[in-house]
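Right, one structure below, let's go through it.
By written order: A, B, C, D and E. Residues from 1 in each chain.
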Amino acid sequence: MGAIQCYVVRGNGALVADPPDEALRAAISSPTDFVWMDLEAPGETDYARLKHLYGFHELALEDCANPETRTKLESYDGYVFLVCRAINHNPGEEAVDTVPLFSFLGETYLVTLHPDPLRSIAAVGDRLRKNPRLLTEGPDRILHLLIDHLVDYYFPLLDAIDERLDRCEDEVFREVSRQALPLIFRTKREVLALRRSAGPLREILGVLANRGIPHIRPGTQLYFRDVHDHTLRIADNLETYRDMLTSTLEAHLSQVSNRLNEVMKQLTIVATILLPLTFITGLFGMNFEEMPLTRAAGGFWVVAGGMAAVAAALAWYFKRKDWW
Amino acid sequence: MGAIQCYVVRGNGALVADPPDEALRAAISSPTDFVWMDLEAPGETDYARLKHLYGFHELALEDCANPETRTKLESYDGYVFLVCRAINHNPGEEAVDTVPLFSFLGETYLVTLHPDPLRSIAAVGDRLRKNPRLLTEGPDRILHLLIDHLVDYYFPLLDAIDERLDRCEDEVFREVSRQALPLIFRTKREVLALRRSAGPLREILGVLANRGIPHIRPGTQLYFRDVHDHTLRIADNLETYRDMLTSTLEAHLSQVSNRLNEVMKQLTIVATILLPLTFITGLFGMNFEEMPLTRAAGGFWVVAGGMAAVAAALAWYFKRKDWW
Amino acid sequence: MGAIQCYVVRGNGALVADPPDEALRAAISSPTDFVWMDLEAPGETDYARLKHLYGFHELALEDCANPETRTKLESYDGYVFLVCRAINHNPGEEAVDTVPLFSFLGETYLVTLHPDPLRSIAAVGDRLRKNPRLLTEGPDRILHLLIDHLVDYYFPLLDAIDERLDRCEDEVFREVSRQALPLIFRTKREVLALRRSAGPLREILGVLANRGIPHIRPGTQLYFRDVHDHTLRIADNLETYRDMLTSTLEAHLSQVSNRLNEVMKQLTIVATILLPLTFITGLFGMNFEEMPLTRAAGGFWVVAGGMAAVAAALAWYFKRKDWW
Amino acid sequence: MGAIQCYVVRGNGALVADPPDEALRAAISSPTDFVWMDLEAPGETDYARLKHLYGFHELALEDCANPETRTKLESYDGYVFLVCRAINHNPGEEAVDTVPLFSFLGETYLVTLHPDPLRSIAAVGDRLRKNPRLLTEGPDRILHLLIDHLVDYYFPLLDAIDERLDRCEDEVFREVSRQALPLIFRTKREVLALRRSAGPLREILGVLANRGIPHIRPGTQLYFRDVHDHTLRIADNLETYRDMLTSTLEAHLSQVSNRLNEVMKQLTIVATILLPLTFITGLFGMNFEEMPLTRAAGGFWVVAGGMAAVAAALAWYFKRKDWW
Amino acid sequence: MGAIQCYVVRGNGALVADPPDEALRAAISSPTDFVWMDLEAPGETDYARLKHLYGFHELALEDCANPETRTKLESYDGYVFLVCRAINHNPGEEAVDTVPLFSFLGETYLVTLHPDPLRSIAAVGDRLRKNPRLLTEGPDRILHLLIDHLVDYYFPLLDAIDERLDRCEDEVFREVSRQALPLIFRTKREVLALRRSAGPLREILGVLANRGIPHIRPGTQLYFRDVHDHTLRIADNLETYRDMLTSTLEAHLSQVSNRLNEVMKQLTIVATILLPLTFITGLFGMNFEEMPLTRAAGGFWVVAGGMAAVAAALAWYFKRKDWW
């Protein structure tokens, strides 16, 4: 059985925390009382209790038991069922993970379930305890706050990716680096993973913000328009990051080719200058009885000078061809 | 003639297996009796019998005779005709194959045909024999169970691909490997094949889940929404795999280029250090009568020392350029 | 003037071949007589006659005179005008060519025109002569048979491409082949050409199968659904071929790079082992009066042994680096 | 002030060329008189006159003064304003340029403006002077003729591109060519430029052909369907050219890699055969007092034979590896 | 508190600048008075005043406080809220930055806010002071002028990119250049950034121009159609630039490969000519007692001639293979 937190706020703003089941049932059916019930790591008995109290459909409850459920929005008779995947990123780690938040939104209640502790639940719980009247604006307002928090968690990650992109570019253009490729590759995987989780979120928020969904009051819809806007900015950024990663990879490949060119030129210069000289030494190293210059006084110096001249001519040639 | 299994469940839950044709005909036209008839590897006489019993359109029956028929959903007068391609993957093998399942769904009957034995048919048959009341929920519920099974067979394959992707990346980044390219290539083909069969399945299930289709009860539609969800997750994963395979291939190509760079540097270093030394030996190997140092005591050691100094200078130079 | 074949079938199933113009005009305006008129390589007088008999619009007839007309479907007053491009592939040849089939479908007549002889016309003509009642199902049924044939001609071509793709892959992975690139390139062009002709066909058939078109009876529409299905499979296959050709080209490029790596390694190994040895021989080939070992007994063998040791050490080093 | 040509055709087919303003104003407002007025390189006074005569909106007239205006179709009160960009390609030149044709189409008049002389205006003017009744079919028919001409000017350009594509392929596959890359690149730019001008034209013609536009008679709409068809074929061709250019570029890059492979193999063969031989000559060139073979009779020939054997063995090895 | 400029124009064209709050309130609610209020770098007190005067929604005001808000158009009760991002490019700088312009458009008022000074605000303010009747055409006309200015600021940037693209191409085709890659890369980033800001602008202007938006008079809508046209041309150009940058990058990579080919050929030629010659010198440098030619008169010259012949033959061979 999981950790349960239950808030009931009467029309006059009085907050009752964790009421007994009969009181809860009365509150659920009263049009002036509002309920928010949160279950962390719920178990079988919790699902049975929810089914008993609210009459949730077994398919929705089955989805809640599966931590892999995709972001989605489904209408049932009397409530909507919403699954959002939240970013669960620990500052030190590389991997981006997402955890689900399951919500049932009725006219007077909001039920949230999540297998793992979520910062947004804690934050909104705090805020509600300080100001119970918040819930009298309707449970959809609480849902907005929760999702607003979830979406905000994307931004530090985006900043981290932005910074890493800058580092990628530095690596690519400044130095011969073996780190560039894995870094680009890893960042790309992360952007892909974020896109996979941000995409459905944007679609769902588009529906919440623009289409009339039951149990979401028109006033709250304006607030969701705001969150939708954030998700559009996230999607925009991710798209730009992807484009820039592709460009960076292309630039990297091009730099690798350029460096190969440099290395080859170096080799060609060395070989092209020294092979002729070595050939000349070989020429005068042959064992003929009669050879020109070999017996002449200073013959060695004549030949050495000739070799220096050849080397200088070749060096000048490469210089002119701008290879150096 | 193929293997036929026929279940008739009366409104009171009584199960009649493989009834004679007259009884079957009575059950088909009775609004309180439900029929599920399954034909494995049906032949000409089976098609004639189906046409006679249910009045299926000849075009639909022709599709059933063609094992290449695409996944599709067609409405006829009094029934819908559904073709799903199921994954038929044997654990040991590489190739991904799909086999069709043909279904005719009427108000009180479900007729399924398939050229090959299917695990999902066996599993649902077992379940129905244990609990005949299942069929009284309507034949569309049986259809849902069959398709649910079919879709679930994708997941072990996805896991296998996931694992292989990890291996691809390891191959690419860890070692100079000739296996990387064929492995990436093979996985890509598999992902393409899966996408080709999963794509139409997702579309059909979207229709079954979201649009009102005749003979599918609203309650069952909720269940199809669930299966639709699974197909969306499958499509999501395949898309990500494809993106990651592309990245992996790019990384592979980049690594190949990097290694070429390494090899070339090696060659350049060797050539650049040894060619000057060889030139010097050639210089003192020339047969001039007068040569500097050659007759001096210790001349050899002077020159050898000079060569060692040149080699050291070049090594230091490469070290500084960070080539080593 | 082109070759004309004209079939008139009365309501009682009697077939009249090539009737005189007055009888034809009577049949066209009679609601119980059905007409199929086929013109091969029609000339100016034929167009004038068609205009006179059926009142076709001059724009449609101008299209018929242009062998480049695109696949399209146009509604005119009293008839629809359909252009389909058929595959005209001779088994031995490489090039894929398409020829047009122009059809005018009215309530009681079908007029087909084509600049070149078409196998599908011959086949359907045979079938009609054997069973004249076929035409009493309506001229739209004849149109379906013609198009069904046209679409079926794609499949042998697809099989040929499939086979060639397998050969491409074999070429790419098995051997250093100069044929791979032109083969991939040629296959790609063919797939592009097929896609260009199959795409519009699929769209037109989607319209014929799913939307209500005048002069197409609902019963015939079911048959067109079938042909539409074939075109979807063709489009599917072409898409997959294109993806696989792209992958094959990438694999080819990667293999070319890999081979370059191999060649460079070979060169580097040879140079790296032999250059030091050659340096050593140069060392002892210098003409110093005092040199170590040169006058010692067995000095040669000592040095030769040393060189063998250096070569072995380098070979072992490359072995360990897994370059061999 | 620009060159103005003005045709007024009365209902009885009488042609009045360049009438005075009062007569023109009467013709414009008479429902049985038709007007076509063409202005080449119009100036400020022309715009004022047009505004005065027809009451055109100042925004439309501003567009006419800007030679960069995009292809577009705008409805105003009493007339539609159409901008088409025409190909202005001089046979000898490389660059593809487009010039605008501005048209105002009312119920009884067509006003065309263009900064540069256009062949289509001259051609249609000729035709109208020969057959003035043409204008009594309505000014939309004149507009159709003008646009039909404009669109036809694309085809010689497409043929030129087609031919150049063939040349690109020849360059790529036949020879080591430095022209291939700039040629591909230039052709690609041209295709891009054509696509940019042909795309909006296709869209506009789709609107003219399929949607009901005021002042275009249904009969003329059929004619626009024909021109629309041409633009679809142009777009089709450009798309195919783009695909083929991409393939050609890939093939070019692959050929460049292949040639590098060839060059490297050549180098490796030369180095691998000659370096061992040179090592052997170095071996017997060392100055040891005791050396094997050097004093033996025919020792030289033994060693020379050994070297020939080594060279032959290496050559055979490369032959077997299919490098030659 | 920011810099505020407030213009009130009565129906008779009288301009009142910066009226006191009571007069402003009266003008806002009078249907014949028009108000334009502009706030630069507004602070908290400004937002409170706006809320008090016009009753703007707090969500919209929160957006105004966030300089990162995306381009968007939102309808509220009694006014529309529009966010446009303006180009803020300083001629000398490389980076393209965008700053927001927030506008509230009611029936009789326009309120604009912007964190940074904007040239378009200054320009339109000047124009209004000169001709106060402009405002009596409605506040939507002022909005049009502001956005028209904003959009026009894109064009000098596009021209700059166009020019840089030409330079990129010159760099790529003319010379071995290290600047090409960073230049292409930088230009690509700029095009991406412009596309990101121009895309939403085009969408918003499409809505303003084509759909009926409250508080925008039909006459003004025609003007917005004009601005929409400009944004379409901007988007067109950016798309073409992107395509051309991709082509240029491909051309660059191809040129890099070509140059590597050149370098390798050079090396191969040098090595292939000199290695055989060096081998020959080694041959005659061996210390055999009996060697051919070495004691013959002129033997040296025979061998030297032979070497020259070998070199000439190889040079001729390379010439024929078109390597030089």
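Going forward, contacts are C-beta pairs under 8 Å (C-beta built on N, C-alpha and C of every residue); 3 or more make two chains touch, one makes a residue touch a chain.
Here the structure is a predicted model, which means the values were calculated and not measured.
Visitor: What angle, rounded to the nearest 5°, describes the rotation that places the Cα atoms of chain A on chain D?
Guide: Result for this pair is 145 degrees.
Visitor: Take the average of all CA coordinates in chain C, do the same for chain E, and state the distance between these two points in whole angstrom.
Guide: Taking the mean C-alpha position of each chain, the two centres sit 41 Å apart.
Visitor: Between chain A and chain B, what is the gap in Å from one C-alpha centre to the other?
Guide: 25
Visitor: In chain B, what residues contact two or more other chains?
Guide: Touching at least two other chains: 253, 257, 260, 264, 267, 271, 275, 278, 282, 285-287, 291.
Visitor: Mind sorting the chains in ring order for me, with chain A at the start and chain E directly after?
Guide: Counting round from chain A, the next being chain E, yields A, E, D, C, B.
Visitor: Please output the residues of chain D touching chain E within their complex, sorted ascending.
Guide: My answer: residues 57, 59, 62-63, 68-70, 72, 74, 176, 178, 181-182, 185, 188-189, 192, 196, 249, 252-253, 256-257, 259-260, 263-264, 266-267, 270-271, 274-275, 277-278, 281-282, 284-287, 291, 293-295, 297-300, 303-304.
Visitor: How about chain E: which of its residues touch chain D in the complex?
Guide: Residues 173, 222-223, 225-226, 229, 232-233, 236, 240, 243-244, 247, 250-251, 253-255, 257-258, 260-261, 264-265, 267-268, 271-272, 275-276, 278-279, 282-283, 285-292, 322 of chain E touch chain D in their complex.
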